[in-house]
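One structure, pasted below without further comment.
A, B, C and D label the chains in the order they appear, each numbered from 1.
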């Protein structure tokens, strides 16, 4: 029964909220995350290999299992990292115990809401869960009491709420289109029911519904014209949180889009995939523009999230077994690499005290281990081969070529190379030269390097090999897509 | 014999070496890592010899990849290139071991990783393995050549990374198309995709492959990274970059064009490739003549040599399109022979110039001179390299350049006269390029080792110990051997190249001389023997005239006291040719006179700089254009929440209205 | 299944909602804005009641009561409380002038009708009319957030969009499953609460609620 | 490699070695006669070489170990080139190298001589080498292109096969491309051997000398070897011109009568070319250095036209 999985973060949030001294909060937070990971394994295994778990309120098939795995892994990494990150901030007196309690409890509530999004069966409940994630993360974005953080939180809240309202309108229209076929029964918004009857939905309503969904959830997923909140929220939020936002929150919104995309593609073949391709390309173009002239490190990483969300949308838009496998693998690879890069950025910002990339010089000499992580992570995030993101882009490119859209493949290559150039230039010029004098060399904390090593190793291994367990898991999702769309 | 051990040794030892270099502190760990690298190189050489004797070997690696199992396969064609590259790896690892230059943890581990990726790319039989290995090679070499990470190093190395990445994306796209078109994932199973893909599509494929691999070889539009990088990078990595990386590029390019895609009638593509290669060769030679840094001269010389190789491959495509596979086989064989000899003498020269740079602390040849007297052994080795690269008879460069010239002399195969002009023009550009390049090489040797030292560093250089010269001996010997005993290598090349163009066997070698059927042959061994006898006879004849008396006097100085400044400088040496090709260089010369107290004495400053044409009117406008557009477009994120919501609403309204 | 009288009432009330949203756009003072929003919610509750007793499904009654209580009374009171507490200046400084925004709202209404035309088959004219009005209320709510400076007006704009949504729910599907209705209302209420907290914080950090000052985060 | 071939080749090499100083002496004699002065005897070169062979060598302190090796390499290369040349009998070149290899042999000689010039660090050596390199950078491609046209006509690049083909086919083969190639080779001969329009062999005036500048540092027996090598190069160029382009009278098979005719024919042709060289030298004044590229590009275009005309006509 999946409630147990949801119970763990709730309990950890309460425990963190109530405990008084600092050590307890850390222990509860990390222990809670790890227990959640352990609890999730059997459910995901069952969902991947035995078939979807369909209880009264919850519906967990292989697609949601992938997202559960990502949420669980990244939250574990973030909680371990934020322990060390905040210990440093506490020594500098920026954080009070109250803030710490506030931070860790909100972190686990945020995880709970994200788990809800991917487990729940009915689209309405999914919408409510997404709205809840916005509300939970609004406070995390506005965590620091500075005016910029406030401004970023307000913009995040308003733009995402508007987006989600439009998404609700889309869901209502989907519901309206299904009323004609199913009648008004309680379950006509459940995905399992809708997916079985997807091809008889009223096409006109489904088309308008998907437009609202892609605009609404696209805002949450950071697709191009609606991405404007993303760089502000990520640059002002505490770094572990911006890692969580980039790696997991955007994916949950993409999960919502995918659910409706499956329905819409069955009802009106070709419509939703061309929209996904359009928004994917727009995101790549916007990301390229802003990465080439980026000055702030975390804003650059935020725009790289826009880029990778664009690539994922492009992958699903192109369709075909190759591109879908590529997009799924890209989701996994992107969350791992982006968290690694945000952790690296966190170390750099805490050491240099600034986010301006032109003031950060001589990383190799100041903090060699983080420098290795950032250089390899930078190469990975830019999509160079021995790392996992390249395999994702490779599969999506082969999907595009297999489906015969050569112009799209050409534009894709051009944009990716442009972003590769911009990203690598910034990262490698940060790590060259000599640091400004008076900067003590050496790492800030030891514990924070553990999650970074794990992530770097995972990204490298996934880049070179494709273990069977992952290939079977992603294969089952691809079969799900094929049988719905193919 | 137990064949499996060799490839496993070849592929796993570098990993162990890289691990050893990084994890344990202390210098002997790095020495062991270099030893691992050289042992794996030696096992690679033995394995390729084994394959040359026993025939193709292929293994499936137990590692799963996205497109099925990775696999490696080594056929006789690849074995030859792997043999020569392993020898180069062994001697370069010895070089960086003895010269203590690459002894840092980073240098040792990256050397091992680079070697692993090069070897993996050469033996890869799986599409994805080849592409991943190919780009890991450029990533590891980027990290290796990043030098001591000053800002200038980063911009030079970054240009290299971005240009090769763009090239790699082209290669990836074309290989994806090839494997999808043929439905195969194993490279050895793919052949003749052009028959099913049509001529226009295979023409674009070939052009993409040539431009993709050209970015690594220094083909014209993509050559901008080469000179700057060679000037700033550690010499072990430049040696590897110019030899091992180019070997992989040309090997995979030839296999892809002639094997996987198959050339049926690609006359226009062949002409474009030949034109591009010819202009690259000429441009490389002309620029090599005016560079003042020894590594930059060698960078442009690599560009020129790669231009010649691509020119001959273009000619091979032309012959193949006109149906004469035998001439195409001879052209490919000549190109690969030149590639092999280029690997040897270029890495020898780069390592030697690295030693010169470390001994004198000076890279600029304007400040060197007179090193032959203080470092005689090094100058002898450098001379062997220079004679080989300038294609003078007994050495490797001569035999391969001769073969390239002969392979171009088959104009009668081409039927329509308009295309026939291509070959004589190709020969003209090749001859001009080699002539100008030999001037550049002579200038390089002459002004480093001859005359009087022009700087304190050159006057008393750090003495070069014996073990530092140790890696040069096998290379110099190889230069001579390849030149003199080129026969066995050519027979092997001929037999391994012919299946590529669909022939069972091509008899380009008769008796003792390389003889392209009727067109006159070269007996390299005989020629060198006659030359040696000639020199010996003159020596004996002159000695028989009795004891010679040798006196040491001053150089002829017409009465003025000679010092470091009263002798020709490299810039002066290349002025006449610079004036001959004035239009191409269009130098900006500024002559300024400072007023001096006495009216008779004037001090005049002569300052000349040569614009880099490609950077000034192609890359710089491109980059500033992109930056201009993106700064303009950045206004979009102007911070006001109202505009952000307006974007949302406008997209919604537009989509709803348009897609009604 | 709904007799003619019911349809006329619903059409009339829907038209009234559209009129009020135009009124909101034209409002100059904050008090007027909040009161017209409250009025709109009340009319929405009325439509819900009329529809409920015609279709006989009792959970629409619950929707009506909730709209009336939460959106009709609780939220406007909470907003008035914040206005007094923060001693905000009462005028609404519009970014886009009143006449221009009215014109744009009219165009948005036309677009809404243009969009809904193919959606609902011509049979149920009422639902098509209600859906079109729902769309236009949503568009006007969004435009409201774009064209006004104050943070409070943005909150009101968002709530107007919610009203449009509820109208859409009622008109097309005669009410979603109850659990989802409750969830939506709970979320809306929570959103308003959190926005209120943020408005207090903004007022404390920026000393003004004018969002045009908040443009420090730009590239 | 029949024994008779080896003997014939050796005689050919000795014949060339002996004849080359004579030819230079004859050219000097003719030039002096044209300038209405007596001039030294035609055997003067032999006396110079004999005198130099017995003189001691003075070597610059700043010269390296290569300085003394260079003369031997140069003369050795010329001897090897002489072995490859068909002088009397077309079969004698026994296939160790073809025309392209011959041109690279010339390249060694020039490369080593220029290195010798740079040895002492004297500005005259540097100036001579840099100018020699400017000239050779354009002459070498010209030579290669004219070879290509001759190879295209005769279908092979092997020296003896070319001369046998031209000798056996008589007048029918005198196509315009052959004359263009011959003109290009003649200009290259003048350039390579530093005859007047390019450089004045007789002068020691620093600013004008190219060839002499490089030999300035040499003395005694090394100078003798270098002088003989230069003479050999001039003769070999003439042999190329006579036996490859107009090989009439060369012995096709090994019987006494044909060999005698061949010897007479080769001597006559060499004299004829020496006269032609001497006359052109006397008619033209030495060109300014930066006028030379125009002349050299003329020869380059001539050889290019030779190749083009073969294919177009």
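As a convention for this text, contacts are C-beta pairs under 8 Å (C-beta built on N, C-alpha and C of every residue); 3 or more make two chains touch, one makes a residue touch a chain.
The model shown is predicted, which means the values in this text are computed figures rather than measured ones.
Between A-C and B-C, more C-beta contact pairs join the chains of A-C.
Taking the mean of the C-alpha atoms as each chain's centre, chain A and chain C sit 32 Å apart. For the pair chain A and chain D, the distance between C-alpha centroids works out to 78 Å.
Centroid to centroid, with C-alpha atoms defining each point, chain B and chain C lie 70 Å apart. Separating the CA-averaged centres of chain A and chain B is a span of 43 Å. For chain B, residues touching at least two other chains, in rising order: 634, 637, 641, 645, 648, 656. Residue positions 115, 118, 142, 145, 154, 211, 214, 216-217, 219 of chain C each touch two or more of the other chains. The set of chain A residues that touch two or more partner chains comprises 154-155, 158, 162, 166, 208, 231, 290, 293.
Applying the touch definition to every pair of chains gives A-B, A-C, B-C, B-D. On the chain B side of its complex with chain D, the touching residues are 369-370, 372-373, 376, 379-380, 383, 387, 390-393, 398, 401-402, 405-406, 409, 411-412, 417, 420-421, 424, 427-428, 431-432, 434-436, 438-439, 442-443, 445-447, 449-452, 513, 518-523, 526-527, 530-532, 534-539, 542, 545, 548-558, 562, 566-568, 572-577, 579-580. Remark: chain B residues 63-66, 128, 131-132, 134-136, 139, 143, 146, 149-151, 153-155, 157-158, 161-162, 165-166, 168-170, 172-173, 176-177, 180, 626-627, 629-631, 633-634, 636-637, 641, 643-645, 647-648, 650-652, 655-656, 659 touch chain A in the complex. By the touch criterion given at the top, residues 154-155, 158-159, 162-163, 166, 207-208, 211-212, 215, 219, 225-226, 228-229, 231, 271, 275, 286, 288-290, 292-293, 325, 329, 364, 375, 379, 384-386, 390-391, 394-395, 397-398, 401-402, 409-410, 413, 416-418, 420-421, 424-425, 428-429, 431-433, 463-468, 471 of chain A touch chain B in their complex. Looking at the complex, you find that chain B touches chain C at residues 634, 637-642, 645-646, 648-649, 653, 656-657, 660.
Chain contact summary for the complex, chain C toward chain A: residues 57, 115, 118-119, 138, 142, 145, 151, 154, 158, 161-162, 164-165, 168-169, 172-174, 176-177, 179-180, 183-184, 186-187, 190-191, 194-195, 198, 201-202, 205-206, 211, 214, 216-217, 219.
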